[in-house]
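In the two assemblies presented below, chain A is common to both, partnered first by chain B and then by chain C.
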Partner chain A sequence: MNRLKKLIWFESMFLIKTKTIIYLLGVFITMLVLSIVFPMNFNSDIDYKMVLGSVASVIIQFLGIGLIGLLCNLFYRDKKFSYHYWFIKHKITITDIVRSRFIFYNILFSLLAGLMFIASSIIFIFMYEVNISFYSYLYMLVLVILSTTYVVSLMIMISALVVDFVSSSGLFILIWFTIGIINGVTPYLGGYLSPLDASSVQSGVISEISGIGSNFIAEIDIYSYLLALLLPVIYAFVFYLISIKFNKYKRGIN
Partner chain B sequence: MITIKSLQFKYSKSNNFIFKGTSVCIPEKSFIALLAPNGVGKTTLVKILTKQISNYTGEVKIHDEDLRNIKYNIYDVVSILTTDMKTPKFLTVAESIKFSLEAFDNYTEEKLNELIALFDLEEHRNKKISQLSSGLERRTELAQTLSNQSDLVILDEPCNALDYNSVVDTLKVIKKIKDLNKTIIYSTHQFSEVESLYTHCITIKDNKLSLVSREDINDDLHKYYSSVYKLGV
Partner chain C sequence: MKEIVYFESKRFYKGKIYIKYILVLLALLLLSYAIIKISDSTYTFKNIELIIYENFTSLFALISSIFISTAISKEHEDKTMNWYISKKIKIRDVVVGKFIFYFINLSIISITIFLISFFINGRVYGNGLTVLPTLSIITILVSVYFFIISLNIFISATQKNSGICIILSFVVWIILNISSMLKVVGLYIAPFIISSIQYESFYKLLNYGEIPNNFLLIVLLPIVYGLLLLIAAVYMAKKLLNDNTI
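Moving on, here comes the complex of A and B:
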């Protein structure tokens, strides 16, 4: 526990002192602007819940792209600056490093994504009449938060498995496109693979709640609502286990 | 303190042995100058002593415990400074030493101040590592190395890549560590660095380790290593 706390402190210091926090701020401001501007492209019939549906989709599908610079670089950074020897000398294990990064970045970005959704929903109150139930709103907020854990965990896993930044960021983009292709060909299967695509079960549920976008999943029922929440968490846990087992530290970081 | 018996080791991709059935016993509270040219096995020996390499034959014991049977973290009993680990540049001197003390469950504000004072880092304590000269950075790393308070300190080429003034500065600090009555293994290929410090020399020749005490040091060996580099401390 002490080592985890130290590592989380270390990551916080890294974000603050290397001014990476400014980059993150830029990413989230851009995402916020995108979330606000994107729904405005729709026709005048758009209402408050459609706007929120659009905001949720934008956050879930595009946040990953903004975070590539930080998350796909996470383990390459250790190699580049020789931090890994420094950690090991301080009795910090590889599992500690991987675990702390999963905990820290998942909490940080899920909270930021949640805050972004709340901020957008507050801004749009001044433009549209509120026509969404509290529970539907809460559901979309939780969906945004949990889907963010999928994106963050996937990126951390790729960073832990692939040797350098160019390869890991390239692989993330490749996975992003591949999921889109799989969803396009077999939406029923693809929809359950990742929230990153417009034809995912998450997008289907958002479409069902807000009336925006298209539902590629044949039938949205109570199980779809549950799966949309649970699948990102299950996948995130699988990504965590893969990272612990097959990270590049174990295969010799150099 | 450290007993090495019939040590035999070669890297899996190489046909040549680094150590071939060598034995040596390192006495407690000694300052060992581990002397050998580059590529002969100094760093390999350091890696064996810190359990980074364990596929050797023979026996290596620290405090009468076989390294391969040790269940606790080796860095609880061995303090090590190597050139391939770098302190994160964005931390301050005090933060990095505090991190080390906390990692070894030794942190108190007094201990932090004690280490900072011992290594003359008071005026630099709030500077980032990136703002330090290479000599000051090495001093900070030495302070971190001592944070686990173990009796055995391994310094793997601590003056490597330092300029003349930084070498002088670093050696002054190492003299302070020697005065703490710890067992120190100082690996180098430059005899002049340890000339005034060592109590024993370990040389590596023909895949064998041989330990000679200061009193018994051979004139030829002294001349050989002295001729490589000369530095006053």
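Moving on, here comes the complex of A and C:
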């Protein structure tokens, strides 16, 4: 527990010292502006529900790209800046490193994504009439948070499996595109693979609640609502297990 | 400058980065076909080429940042500036040499894949264009890539950390996309976005085969922007890398 605390402290100090946190806030703010402007550009008859749906979709589908610079660099930077010595000195194992990063970044970005969603919903109260029920709003908020854990876990897993920075970011982009291709070829299967695409079950549920467009083709029922929430968490857990078991982060520590 | 191009190519080919780059571009190409299927559009030459062009410019701006982000910032991370000084290589040559390398390599691979798909789709779906409009399309693509690569080189020259360069590229990409929604001005801001005059002229060339009257402006504007960004990149790189010397 002590080592875990040390590592989380180490990660937060890294974000602050390298000023990465400022750039990440920049990512969130620009994404917020994009999600505000985006629906206005295409539809003049938009309402509160639709704008919230757009915000949720933008966060789920684009956040991954914004985080590439940090999360795909996660294990490579240890090698580059020789953080290994610090880990050896504090008797920290590889499992500790992977676990602490999963915990820290999942909490950090889920919170930031959730806050961004809440902030946008507050901003829009002044612009549109509120026409969404509390439970629908809460559902969308939880969906955004859980989908963010999927994206973050996927990126940490890629970073742990392919330690090189260019390779891991390239691989993430490849996966992003491949999900899009699978959705095009087998839409029923593709919808349940990842929330990153506009054809996903998450996108379908958001569309059902908010009334914005989606490419999800299966019918939305109560199970879809449940699956949309559960699938990202299950996938995130699988990604965690894969990272612990198959990470290539072995040199210099053990 | 020759030495810089040589060293950069060694890194690019030895690290098999080019294979990853080609794989990403091929996935992007396949994604374009998938987008047409998902959006229930019909597979026609014009529909496919429009989506491919959109992806090979707008998404290319994001993808290329991954490969170029390490260009200048890596020199800071690896502390290689003293080596350049010992070899009497100027910072200007480092920036320009890297730009030339990335521009030639990334553009050639990307345009080749674009053209292969262009000719195959022309054969399969008909409506292939004549030589002059095709050459005009290539010229537009080259000028757009000139802008994109110089923008990425500029971003890479502003930061000490290559990870932050990618984050910054994403922020700039979103800002440029948002600013493109401005009326009139939006046409001239970023050549890789859908509302740009470059996209508009590509659409006209594809549909009517006619070269627009303002073709020179369409091609020259991204090059002028790119040159300005390169000058700024040299200035920023001097600031960044001079801190790095002993």
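One rule holds for everything that comes next: the second predicted complex is superposed on the first by the 245 of 254 C-alpha atoms of A that agree within 3 Å, B and C clash if a C-alpha of one lies under 4 Å from a C-alpha of the other, contacts with A are read in each partner's own complex, and residues count from 1 in each chain.
In the analysis below, contacts are C-beta pairs under 8 Å (C-beta built on N, C-alpha and C of every residue); 3 or more make two chains touch, one makes a residue touch a chain.
No experiment lies behind these values; they were computed from the predicted model shown.
When both complexes are superposed on chain A, chain B and chain C fit side by side without a clash.
Shared-chain residue A:166: touches chain C; no touch with chain B.
Of the two partner chains, neither chain B nor chain C is touched by A:186. Look at A:82: by the touch rule set out above, it reaches chain B but stays clear of chain C. Contacts of A:18 after superposition: both chain B and chain C are touched. Contacts of A:131 after superposition on the shared chain: neither chain B nor chain C is touched. Superposing both complexes on chain A places the Cα centres of chain B and chain C at an angle of 90° as seen from the Cα centre of chain A, in steps of 10. Touched residues of chain A were counted for both chain B and chain C, and C has more of them. With both structures placed on the common chain, the touch criterion links A:3 to chain B but leaves chain C unconnected.
After superposing the two complexes on chain A, the closest approach between C-alpha atoms of chain B and chain C comes to 12 Å. Touched by chain B in one complex and by chain C in the other are residues 18 of chain A. Taken in their complex, chain A has these residues touching chain B: 2-3, 6, 10, 13-14, 17-18, 81-83, 85-86, 88-92.
Those residues of chain A lying in contact with chain C across their complex are 18-20, 23-24, 26-27, 30-31, 33-34, 37, 41, 65-70, 72-73, 77, 80, 164-167, 169-171, 173-174, 177-178, 180-181, 183-185, 187, 198-199, 215. Here chain B touches chain A in the complex through residues 73, 75-76, 80, 82, 84-91, 95, 99-100, 102-105, 128, going by the rule given at the top.
Residues 15, 17, 20-21, 23-24, 27-28, 30-31, 33-39, 62-63, 66-67, 69-70, 77, 161-171, 174-175, 177-178, 181 of chain C are the ones touching chain A in the complex.
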